[in-house]
Amino acid sequence: MVWLARLQSIDRRWIYAAIWVACALPFVVNIKLPVYVSPETRRLYEFIEKCPPGKVILVDSAWDAGSQGENWGQVEVVFEHLLRKRIPFIITSVEITPLGPQFADQVIERLVREKFPDRKYGVDWVNLGYTKGGWQAMQQIAKDIRQQYKKDSRGYSLDDAERLPLMQRVRNIEDIYLIYSVTYSPLEDWIAFIHGVYGTPIAFGCAGIQSTTYYRYLLSGQLVGMLVGVRGAAEYDALLHPDLRDRNSLGTKLIVPQAFGHLVIIVAVILGNIGYFAARRRRG
Amino acid sequence: MEGATTWQIWLAAIVTLGIYSYLISDNKLYRLLLNVMIGLGVGYNFIIMWKQVLQPLWWEPMTRGFAAVFNGFAPGSAQALWVLVGLLGTLWYFQFSRKYLWLSRIVIGMTLGAGAGVVFKQQLLMNMPQIADSFRPLIARADGTPLVGGSAAPVSLWMSLNNIIFVGTIVCVMVYFFFSFEHKWAPVRHTARLGRWLLMVSFGAFFGNTVMTRMAVFLERLQFLLRDWLRFG
Amino acid sequence: MEHANLQIFIAIVLFSFLILWKIFTARRGKGGFIRRIPGLNEIDEAVGRATEMGRPMIFHPGVGEVQNVGTLAALGVLGYVARKAAQMGSRVIVTTAIPVVVPVAEDIVKQAYAQAGRPDLFNAEDIRFLAASGDQLALATANVMEREKTAAHFFFGVYDYTSLLLTEPGQRTGAIQIAGTDQYFQVPFFIASCDYTVIGEELYAASAYLTREPTMLGSLIGQDYAKIIVLAVIVLGALSTTLLGSQNLFVQLIGVYR
Amino acid sequence: MTKRRVIALVTFLAGLYYFLEFVVPPTIPWRTVRGEVVSVSPQGITLLVNGQQQQIPAEPTLKVYRDRPTGAPESVEPEQLRPGDQVSAGPTTYLSDWLTSVNNFFIVLGSMAWGMGLISLAMVHSSNIRRRRPEWYGSVLFFLAVGAGMVAGLGYGEKSGWLKEVNDVVFNYLLRPMSSTVFSLLTFHMATASYRAFRVKSGEAMLMMVSAFIVMLGQIPIGMWLTHGLPSYLQLPVMAQWILYIANSAAVRGMWFGMMVGAIAVGLRFWLSLERGAFFDREL
């Protein structure tokens, strides 16, 4: 039992090395596994499927590199769904990070280049760029979007019918079918100031850690769907592509390594406790 | 990382490994890269904030207003008043002075005061649907009709059990956080004790989901290093 | 709804009245009752054990700014721990990364030692400003733990992810560790690595009980009454829905907020 | 002392507008008529109010609200009304008319603080350089990086040219890898803590760990594969969903109802400047 107790005081760098090796395994052995589609992912998928023509979806892409591991996949799969069904959507980023819209551009550029070359900026999607003001900005967007945005992220005026035909039929909250906010921790103000006031459906794409406090909104119908961490993107990808081989969103690429990551932590906790109780019994 | 030429991928990889050198030991390269990162981020955000928020919402309306004022108070010269908001905005920066610190507290007070004024609307609109959704039948018929005078549908054991656990957990957790009376009375003490145990199940979910997020960040970096950089697997 | 309906208007008036009434009565001296949370007994035990072993203690008031309500509550608990330590004649080391906290903590600990009649035991070096950032602070606190051979660690206040780094060295030295934070996301990590954890609003209750500071005391009691009303509404709603279905009179009264 | 009173007054007034805008209805309640539109003419609107027709004269102060399908009232002009709309009309209370301009004011005022972060960092780094503190060259690097970041920021939205190249390199190959790598250091903090710090010493910690393991295993493909043979309610994904949707949501609701009342108390204390304590009593 002595060596078990000695396991306690391993140098921190050995633990780091173990994590690098354990997490690199799934990348070496490139396997794809079926995923269990959870109810909150399915509800968002079905809600977007039922989008009536003429309605627009507002994507609050307010994430940056700090949470790209989870949020990149969450916007990627929804953009693919919207581009596939030609549902027009508007991208913005309210309050949290000015880098959000540029990350959304990156995701769309790859999708359009690889899968939907005929989709056009200004017709299928518009990027309005960053704005500030939190709940005050949300109230402005709901009443009249031109109060909050004068130009889009490329400098075109919103009333430029030739470059932004899509924006000519977006005036206020009436024209928006769903608001999909994607970031580490989406602002609950969307629920209070938009859904609470106008009844507009809201969906979140959030980091796993924050989802714990958002499940209660799914129960009360204040959220129509939610993508939780890497698995949310992987499950949505599974709904988009029934055939396992066609799935290549970041969510699908990371879900198996994510599984290894969880196992690493579980093993670490169990080993740590075995070592601790062994040491205590020896001292005890 | 598609469409990236190799030197760009190498730059990103070097920078990534440079920061990971912190894991070996806290070193100079890591601290330098940290300074570069913070500098780039602050500089980048500064320009984006100006181009996408302050210029369209403040600078342009104000200059249009002054243009209207200069050609004989044409319509729209009221926009020139934005200059007053600009002056008020400079009060933020008295935060750095000891003598005039109180000036910055005016603007802080206004901004946070607005937030405090709207706290009722914010909190109640967020939580009233939650309270309404917590009205769950403890003995639930399968088709949801009421116990007394409802349809003859059988009572669904699974739904009833879930609802009892659901409402019970809310009650126990809230009793745990009551402080204005002594937990002498046995039922209250046991309810609070059970509340703390039920909180542990919820904190288990917090722990598990925190692991999910922390792993995802590192695995994305690993995916970049192994797939995009080393072309592995 | 864009504007408050009748039910919400009543809720606003009721909650505001309860909170403000209790704050102003507390200000006039008739404070009102706050129960002693179990966490305080754990603190007494920890201070006792550290004194038995003749080794000092560490109090870490979190990473929050001094005006953060969580940090203010932590400083309330610091006063209690310092008083207990002074009565038993043992040392309390305060480690922080917030410059403004140093003078405030010094003043609290000095007062505690003076009240316990042991002003000689207090020395200013025990209030240590260790580092500029959260990470370095954790590593520096770990060194203090090993060097000073501390037997009890108290982590109270506002914490972020560095909570993991602080409790890890303490676990290895076998010290008894008590934590308390209002950051619900850090509570699980304290539960897993400390002997007892004060959860969320219990931190405010502990501070209000110890310092009797009128605004926090009154506000907490007023909030309690408001929470009792919310609980009563939920229980009545659930019972009435059980018996009379989801559209009964009571639910109508509360109003539906779909 | 008057400084403190000025701040308290300004804080109160800023909050008062938003408090009243929410609490006071948009039209004077006792002079508001609610009914179904019969006909609209420049002189006024005729409404069917429980059986009889009522004529509403068209004054400038008249505000008309039409109910949306979701039930939320929408402010419309009399000309937009169609027979059969459910409408409430009455003299305005002016508060809601100013909401858009008040929001605009606070959004711009808040955005003005955008230079604070840069200035506070610049002060720290410039004092490092002036006093030649150890590693002061890191601060020089910081200023160079701020310059490079600004130039790159100018490149966002550019169609082509060297500015776009600088933006592309700085955004994708410096900012993005660096900030995501810094965030991923947390993974290693947690992994070492899982091994060395997390000890199941009490029953509570045991219950938390069991729940954590179920939630971790239930949300990854391996969890599904491990227990796909068992009856459904014993499968890991189903158990994880039960914990997240029922046990966790209820406990979070219990906690967050307390936080709701807490937020209202903090809001009230700040709005009415009732705060006492080290920070607020400091002599201004």
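Read from first to last, the chains carry the letters A, B, C and D; within each, the first residue is number 1.
In this section, a contact is a pair of C-beta atoms (placed from the backbone, for glycine too) under 8 Å apart; a residue touches a chain by one contact, two chains touch by 3 or more.
Since the structure is predicted, the reported quantities are computational estimates derived from the model, not experimental observations.
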Shared interface partners, meaning chains that touch chain A and chain C: B, D
Chain ID, smallest distance between chain and overall C-alpha centroids: B
Cα-centroid distance, chain C relative to chain D, in whole angstrom: 26
Cα-centroid distance, chain A relative to chain B, in whole angstrom: 14
Where chain B and chain D are represented by their mean Cα positions, the distance between them in whole Å: 7
Residue numbers of chain D (touch at least two other chains): 22-23, 72, 104, 106-107, 110-111, 114, 156-157, 171-172, 175-180, 183, 186-188, 190, 192, 194, 196-200, 204-205, 208-209, 212-213, 216, 219, 244, 248-249, 252-253, 255-258, 260, 264, 266, 268
Multi-chain contact sites of chain B, meaning residues that touch two or more partners: 23, 44-45, 48-49, 53, 57, 114, 118, 120-126, 129-132, 134, 167, 170-171, 174, 177, 196, 199-200, 202-207, 209-212, 214-215, 217-218, 220-221
Per-residue overlap in chain C, given as positions that touch at least 2 other chains: 1-2, 4, 12, 172, 184-185, 188-189, 191-192, 200-201, 227, 230-231, 257-258
Chain B residues within the chain A interface of the complex: 2-3, 23-24, 44-45, 48-49, 52-53, 56-57, 60, 114, 118, 121-123, 125-126, 129-130, 132-133, 202, 205-206, 209-223, 226-227, 232-233
Chain C residues touching chain D - in the complex, by the definition given at the top: 1-4, 9, 12, 15-16, 19-20, 23, 66-67, 69, 72, 75, 104, 161-162, 164-165, 167-168, 171-172, 184, 188-189, 191-193, 195, 200-201, 213-216, 219, 222-223, 226-227, 230-231
Chain C - residues contacting chain A, complex: 1-2, 172, 184-185, 257-258
In the complex, chain A residues that touch chain D: 8, 10, 12, 15-16, 19, 33-36, 38-39, 64-69, 99, 102, 106, 129, 132-133, 136-137, 139-140, 143-144, 147-148, 153-155, 174, 197-200, 208, 211-213, 215-216, 218-219, 228-229, 231, 255-256, 258-259, 262-266, 268-269, 271-273, 276
In the complex with chain C, residue positions of chain B that touch it: 120-121, 124-125, 128-129, 131-132, 134-140, 144-150, 163, 167, 170-171, 174-175, 177-183, 196, 199-200, 203-204, 206-207, 210
